[in-house]
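The data blocks that follow each hold one structure.
Next come two complexes, and both contain chain A; in the first it sits with chain B, in the second with chain C.
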Partner chain A sequence: MALLDIKNLTLEINGSTGWIKALDKVNLRIEEGEIRALVGESGSGKSLIVRAVVGAIPENWRLTADRLTWKGRDLLKISQSERRKIMRSEIAVIFQNPVASLDPSSTLGEQLIESIPGHILKGKWFWQRSKHKQQIAIKLLHKVGIKDHKKYLKAYPNQIADDIGQKFLIACALVSSPQLLIADDPTRGMEITTKIQILKLLSQLNKTRNLSILFVSHDLLAISSMANKMTVLYCGQTVEDGKMEQLRKRPLHPYTKALLDSAPSFRKDLPPKSPLSTLDGTIPTLQHLPIGCRLGPRCPRAQRECVKVPELRYVQDHFYSCHFPLIREKE
Partner chain B sequence: MMLIQIIRKFNLLILTLFVLSILSFSLVYLFPGDPLVNLTGLKDVSPETRQYLLELHGFDGSYIYQYWLYLNNLVEGQWGLSFSSDKPLWEEISQTLPASMELSAYALLLSLIIGVPAGFLAGFQHYKQSDYSLLAASVIGYSMPVFWLSLIMILVFSLQLGWFPLSGRISLLFDIPHQTGFTFIDIFLSDFEFKDAAAMSALQHLILPTLSLTIVTASIIFRITRRSVIDVMASQYILTAYTRGLSSLQVVFRHGVRNALIPIIPIFGMQFAVLLTNAMIVEVIFSWPGIGNWLIQAIYQRDYPAIRAGMLAVSTIVIIVTVCTDLFAKLLNPALTGERRAQI
Partner chain C sequence: MTALLKVENLEYYQKPTMSLFKKQSGFKLSKINFELNTGETLAILGENGSGKSLLGKLLVGAEKPTAGHIYLNDQKLSPYNLRQRCLNIRMIFQHSNESLNPGINIAKILEGPLILNTKLNASERLQKIEETLKLVGLLPDHMFFYRHMLSDGQRQRLALAKALILDPQVIVADEPFAALDPSVRSQTINLIMKLQKDLGLGFIFISHNLGIIRHISDRVLILQNGDLVEAGKTDVVFNWPKSKYTEKLVKSHQSLITPN
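Now for the complex of A and B:
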């Protein structure tokens, strides 16, 4: 059974011009122990999916889904406190911009210790428990590769570097030994060396703890080095979904192809000083979304049928949503 | 780090006071009339006395020498005489300033007690009915002119209902000797027979002016607090705290309240200046024997030494309060202590 199963998730935001579908029938499935990448341009709704899963949706937004389940339990129907329990013990989230994710007015130690759930503590008396809390905190920091725990447990968020912050957030996330880690663009704006450290840490956790990871990013290079499966998102619609190698070798959706072509590191045949390939135009604003397939106006293969939203089709376990997939060239 | 902050603020205070004293000294020359008369407040003196005064205040020397003597006199409390009452200005100010500070302090305290919790309530209930109604109430309170509000209060509560006295600080029946200038402390210190009755009377006199000041200030404080709470609750670290599985109460009390208060405490300090200005108007209307009332009378009567001294006293108070709240906010923010990471 899938850990997280999302079917036809639609998120509407009440804008000045009426309700806008920021996410339009998004599908996503995460199995146990896999690393799934969620890829898309900025503004394609990646972070909104994360917010929908963790339940951080403002009350003036409208969320509907055919299925939004965590291990078979419907997340939309269970109560706030049950959901919080799941968030506390089974799902963990880390965000981009780690320093902004930490309360600037309390120390890292305080924040790490307060996320330790009470039931895993040993000892009856509060001093025993607080000592145990300290031990857990130090152990966790060592696990994520922060060696100088004395310095960092007492530090305030404005005193630490980005990579320490992200490692620290991963430590916070690991406190309750979750089954799923949602990493929302955790390496954004980091230098390459610190980025590699974070990515290595994540894949190592995936192997040693059988931790499933939903890795949200637009950094294709990072994704291809660690993910097993990939979901491509464009403008709030899932366009393609499948195994990483399959998608890389033979993308079916024109957008996936354009996305992969736009990353020079994936194109070894690219001659020097040749122009990089891009799609014409830009990602539309939320107020001016095209009807039907949202890639329509920018798509090189678009035809009249594209004003209707394409059905989700599949070849084995490779899903795509396009009227004119690249598969036809072969026929 | 803490010490550096304190020293820095202290420097700021000293420098600002220095500039203020230069300004007030230059007023001696800038006001129309004889600079010596403007400085001492003594009119129609005999030629011998005049000669003596000229020498005493260094008018034969340079401006800098005069300023130095002026500073010395300021420190010694010789601020000159008032034209209208012929009394020493220092004495007049030390009688009127505490009355104003008392009024402003009570109004500020009451505004904080009303405004801050209401702001938190509205901020947490953002987009809900209670938020909108509190916001609407604050717009009304914010847009009422203070003088009009005071007059309406007098009209309704003093003249029609007769609940509160019309003007003054305490009923004339009670003769409380002036000691500190703060009514309640004076009543407590005096060996007056009916202390309870005197305190009651003072309280009754205090209510209307305080309330007229509070309504405006509380609305401002409410709006500042509400905005800050909304901003903090929408921030990334609050979202992260929720995803870490903390309950709403834990998030609000451990991460919300302190972060919402830290940026707005200096703004409260700035509000004190606005409050004091409003207090001056209220004092005139309620015949409150404060410095605002006194200063406005001085302006009417072209009492130049009084205007100079009053300006200096009021601005000194405002600056001290502003710098102190600033310092307080800095000390309250733990993130500022300890080493900081360099930003590129």
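Now for the complex of A and C:
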């Protein structure tokens, strides 16, 4: 059974010109022990999906879904407190900007110790319990690769580097030994050596703890090195969904292809200084979304049918939504 | 043929801030030598705090070097003659969004450098602005827009226009692509490569994206903690790295491309 199963998730925001569909029938499924990448450019609604799963959606937005279940329990129907309980113990989230999402007025140690749930502590008396807390904190820091625990447990968030902050947030997320870790752009703006450290840490956790990871990013390089499956989003619509190798070898949707082509590292045959292939135009803003397939105006293969939203089709377990997929050329 | 830009023994030492209790050492950028020809791209690579942005600032004259000289077409650039420097070496900043004034329209943003550095009159300035906007793929009508009305890609084009408007010979770009989405990024890269071909610009490009560096640059400088670790032709450095640090960088990049 899937851990997290989302079907036809639609999120509407009340704008000045009526309701705008920020997410339009998004499907996402995370099995146990897999790393799934959620890829999309800015404004594609990646972070909105994360917020919808977590439950941090403002009241005046309209959230509807055919299915939004966590291990078979419908997240939209259960009560707030029950949902919070799930969020506390089974799902953990790492947010985009690590240093900014920590409390600047208390030390890292205080924040980590505060997030240790009471029921895993041993000892009857408070001094035993607080000692155990310290031990857990130090162990966690070692686990995520922060060796100098003495220095960092006493440091304030403004004193630490970005990569330490990111590792620390992973440590915080692991405290309650969750089953799903949602990492919202964890490698943004990092240089390559620290990026690799974080990626290695995540895939190691995936292997040793059987932790499922939802890796939200637009850094295709980072994603392709670790993810098993990938979901591509464009402007709030799921564009393609499938196994990583399959998608990389043979993308069916023009957008996925453009995205893969835009990273020069993937193409060894590309002569230096030759122009890269791109899509024309820019990402539309939420106020000016095109009807039908939202890639329509930028798509090189668009035809008249594209003003209708394409249905989700599939070849084996490779889903795509396009009227004119790239498969036809080959037949 | 003489080199377009020649840097000789450029050094920079930042004095430590005075403190009674702590012993602090200042940041030092050790001797740097390189040459750049017309139409060439030089990439500066290094981790955060390695001094790559500082080197960019030294080149455009935003910081004054403690020793060493910069020659442009065999002519020594004085650190105090900023007008000459402005006309020939221009900079693009990392966050194109924050480097544009939100309160004035694009015509005024682009007019600023023209008023300060040239003797053109109002109608000539207007003509120049129109030409430059067309050059970077914007419309002359964009003159009346404000910053917030443009998309990310358009802002980056505008930042490029701001650099190009004085017909410079060298452009220094500090992480111009870091904040852009993949599809918009490729557009900007294509634009820069096209402009470089058409105008024969020398392009100095500071980044830590190895894929892009490999694609667009002719030569690379690799910095670590203010020291020049390695310099040379891009494909030579990437295929046969000499120093350990470069090897580590290239290896980690390779490990990302080929899935495990």
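Things worth noting here:
Following the convention adopted for this analysis, the second predicted complex is superposed on the first by the 331 of 331 C-alpha atoms of A that agree within 3 Å, B and C clash if a C-alpha of one lies under 4 Å from a C-alpha of the other, contacts with A are read in each partner's own complex, and residues count from 1 in each chain.
What we mean here is this: a contact is a pair of C-beta atoms (placed from the backbone, for glycine too) under 8 Å apart; a residue touches a chain by one contact, two chains touch by 3 or more.
Keep in mind that what you see is a predicted model, and the values were worked out from it rather than measured.
Using the contact criterion defined above for the overlaid structures, shared-chain residue A:244 touches chain C, although it does not reach chain B. By the touch criterion stated above, A:196 is placed in contact with chain C alone, chain B being left untouched. In the superposition on chain A, A:54 makes contact with chain B only, while chain C stays out of contact range.
Contacts of A:114 after superposition on the shared chain: chain B is touched, whereas chain C is not.
In the superposed model, A:299 makes contact with neither chain B nor chain C. When the shared chain is aligned, no partner comes close enough to touch A:37: not chain B, not chain C.
In the complex of the two chains, the chain C residues touching chain A come out as 47-48, 151-154, 178, 181-187, 189-190, 193-194, 208, 210-212, 214-216, 234-235, 248-249, 252-253, 255-257, 259-260.
On the chain A side of its complex with chain C, the touching residues are 41-42, 189, 191-193, 196, 199, 218, 220-222, 224-225, 244-245, 258-259, 261-266, 270, 272-273, 275-279, 282-283, 285. The touching residues of chain B, when paired with chain A in their complex, are 127, 235-237, 239-247, 250, 254-255, 258-259, 262, 333-335, 338-341. Within the complex formed with chain B, the chain A residues making contact are 51, 54-56, 58-60, 81, 84-85, 87-89, 92-93, 95, 97, 100-107, 114-115, 117, 154-161, 169, 172-173, 176.
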